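Same chain, two partners: chain A is paired with chain B first, then with chain C.
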Partner chain A sequence: MSNSHLFLKSGFPRAPLQNGVGRYICQLQRITLKFCKNNGSSRGMREFIEKQLIDFAKENPGTVVYVKPRRHRTPVIVAEYLNGDREWHNCRNLSKEEITQWITLMKTQNGSSSSLRLRKMWHTDMPSIQGPWTPFTLKNPASNLVIFPNEELSKPLDVEKSATEKLIELFREQRLSEGKLEENRGN
Partner chain B sequence: MSFYFKTSRLLVSRCNSIALQVPKNVRNIKRWVAPTLRELNKRSKNVSSNEEIQKRSTFIEWNYNSEVFAFGKRLQENFNLVTLQRAFVHSSFITQEENRQKQLGIENPEIMLQDNDSLITAGQRLLFDYVTAFLEHSLPKVPDEGIRAFTTYLTSISNLAVISKNLGTFDLILSDNIDDLTLANTLLALIGALHESSGDEKTYLFVRDFICTQLNQKDLYEIWEISSPFESLRSYCLQNKLAVPECRIIGETAKNTVLSAFHVGIYSKKILIGQGFGEDVETAIQTASIKALRKFYGISDNMRPFDFRIKLENKYSEKVKLNG
Partner chain C sequence: MSILKRTQQWATFARTWHIYDCTWQNPFDSAKVVKNHLMGLHKPIYHPMNDCGDHVVLINTGEIALPGDEWIKRVYFHHTGYPGGASWTLAWQLHEKDPTMVMKKAVYAAMKGNLQRRHTMQRLHLFPDDKVPEEILGNVTSQIKQTRVVPKRLDHIDKETLENFPAIMDYPKDYVLR
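Now for the complex of A and B:
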């Protein structure tokens, strides 16, 4: 989600009440279909009610369906979830198929998903499985056999080379390269 | 709340139009966002304190019988509908109705409802028995003290209230006010009602699926904190005929500084039974003892997840038996 969604409620993807660990409960508790009996914008909604609503109610006995005719108003779906969310969806000029898709979405989600900004696409209660870090974590096993005091381990880790050592190194490199040059000449 | 959403929607659309004027490569959060959110929060608090929340049952589209029927079906249970309806009626509601009728001038008010007091008592007993039996079967090595702690956690009012609310009882409860205790009691009454309608097996499965599953992915040590772990470990070793536990420092670093760390191991007959860390030796011993105890009790960090598919073996009689 982008910066323009700052005012949306934010959260993580979560299953309420360990849903599915014991048994699965459809989180849509009631759905209200509001429509007009003669306006053209409600045509798809009327078709849905005539042809599919009975089947939907039979397949989902845990969801209470209310149908509310209203004169000359836009068709609307209001879904209410078990967590107390209430989702309002405008269905103006939607076809029967589109309405079926929206209702299927509402049936399978656990709250109004479009009104939640996901901070992350995952969530865990146990961010670390290693436990807290201690100085003994990931210690090199070889250090178990060292006898202290140890000269090697007593030195600081970041001793820089002195100027003299650097000069000696440079001099050796020069000697080497000169030797190579002479070899080349000899050939 | 509705006010908040309306306002926020307006603001979102406004902030979209503002965003068009800003160069696209700027991706920080604008300086006006925080004050706006603060103001919105303040206003929403004012509104919600004045506005009384409308009960769902006062809406036109409300059919109590359908709601109760759907409630039973949602839980995939076959409730006796009369008993199920009784589970939602609290005695406070009946008293409230009687008082109202008396105020209206009816001398002998008759309310054709039965309250759920007996169901609550039955439910409480069943819940306690089934949860204890489930825990004793799943955690056979944990002592009684631990089982008691887990049972108390699972059957606490706050835990039951959350479960009850998420099962959708809130709109159906008939009571003068709905708080955590009412919600929890309704869940207990539901368990009682289910036992009356469907018997032991179904009631046990209900408790297992909705109440015991709350232990899933929980850190058991947060629920049951072992007091004086080293003494507990010593008495455990005595009881189980193990050698007396001895503590030895395995490693120490930065001694006598603020960053000191000690690594202590606990041995019983030269066998390492637990190791732990701490900022001083005492803490390290406590941590190591806890580690050792948790390993002995079978509730270590890497324990097997609970098996929530265990079924009831025999008819619930004197003691509940479970088989894996």
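Now for the complex of A and C:
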């Protein structure tokens, strides 16, 4: 996230009112195509209007389509959504296919996606099956009975045996074996 | 938010109290461990933007062991802000004035200098000896492991163990022990 995005809204991927579960409502409410009748930069837009716009309007009765010619200006798409978002998109020198792609995107999304930073790239209704972590998970219940400060718990885990301890162990082993020898002799 | 979810939230973000015994410990190594618990870095839910740090009680800070000759070489700098207001205090002098100060500064220096650091330090409780008020000790539910073993002093070992300790050889009868 850079400084230019400080005021960019952030959110999570979501479907408004469980859209698509049972019934689907197209979230795109109004689309305005602005173009010039003469200028070359509007060529793709003019083609789209001539060949595909009628079909688009028929297929999407929930969306209002406005067409607005204006002289010597860049072609533009403005999409208005059910949640109040208004998305403005520049279509200068775009071909008919590219415009179709943009309009399909606007038709299928539920708000202006370019003005929302997604905090997570996924959505789930069940974030964790085993339950969220707490400080008490996987704690030994015996730790409830400990009186603090406790010397045993304070000792580091990875301690090697010192030379003294090794020596004492050797000494004990020697004593044990000597005792056994004597026992054997006695027998 | 349902009652169950609210309780879940309280449980996940519950603050734990840890205790750490500073006896014979290097304050700069210990500070790295203590810092993790203070900031909540040891938790799986850690994120810099969520407030999940724990309380840490440091006891016996008067018994810390600085490495090498750091007691006489380490210098703490302070400036009052007035001309000629600079002062340099040796570690042993600072330790004489306040036995918790070396440990406190070690933990403070172990953390990154950001706006959160002062608030994180408020969760650190230092005591020069093992006398901790009951209301603080009552909160403690966990002990942080020390970074090194505390060596046992000869005069703290009981007589029986000393006498039964294996001797490599016996001194001759006319040998003068001083």
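Assume the second predicted complex is superposed on the first by the 117 of 187 C-alpha atoms of A that agree within 3 Å, B and C clash if a C-alpha of one lies under 4 Å from a C-alpha of the other, contacts with A are read in each partner's own complex, and residues count from 1 in each chain.
What we mean here is this: contacts are C-beta pairs under 8 Å (C-beta built on N, C-alpha and C of every residue); 3 or more make two chains touch, one makes a residue touch a chain.
All of these numbers come straight from a predicted model, not from anything done at the bench.
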{"item": "Which of chain B and chain C A:15 touches, first, second, both or neither", "value": "neither"}
{"item": "Touched partner set for A:176, first chain B, second chain C, both or neither", "value": "neither"}
{"item": "First, second, both or neither for A:135, with chain B first and chain C second", "value": "both"}
{"item": "Which of chain B and chain C A:159 touches, first, second, both or neither", "value": "second"}
{"item": "Which superposed partner A:63 touches (first chain B, second chain C, both, neither)", "value": "first"}
{"item": "First (chain B), second (chain C), both or neither touched by A:54", "value": "neither"}
{"item": "First, second, both or neither for A:150, with chain B first and chain C second", "value": "second"}
{"item": "Partner with the higher number of touched chain A residues, chain C or chain B", "value": "B"}
{"item": "First, second, both or neither for A:167, with chain B first and chain C second", "value": "second"}
{"item": "Doubly contacted residues of chain A, that is, touched by chain B and again by chain C", "value": "131-132, 134-136"}
{"item": "Residue ranges of chain A in contact with chain C within the complex", "value": "131-136, 143, 146, 148-150, 153-157, 159, 167-168, 171"}
{"item": "For the chain B and chain A complex, residues of the former touching the latter", "value": "8, 11-12, 15-16, 19, 27, 29, 33, 37, 40, 56, 60-61, 63, 66-67, 69-71, 73-76, 162-163, 166-168, 170, 208-210, 212-214, 216-218, 250-251, 253-254, 261, 263, 277, 301, 308"}
{"item": "Chain C residues within the chain A interface of the complex", "value": "8, 11-12, 14, 16, 19, 21, 43-45, 59, 130, 137, 140-149, 165-166"}
{"item": "Chain A residues touching chain B - in the complex, by the definition given at the top", "value": "3-8, 16-18, 21-23, 25-26, 29-30, 32, 61-64, 66, 68, 80, 82-84, 125-126, 129, 131-132, 134-136"}
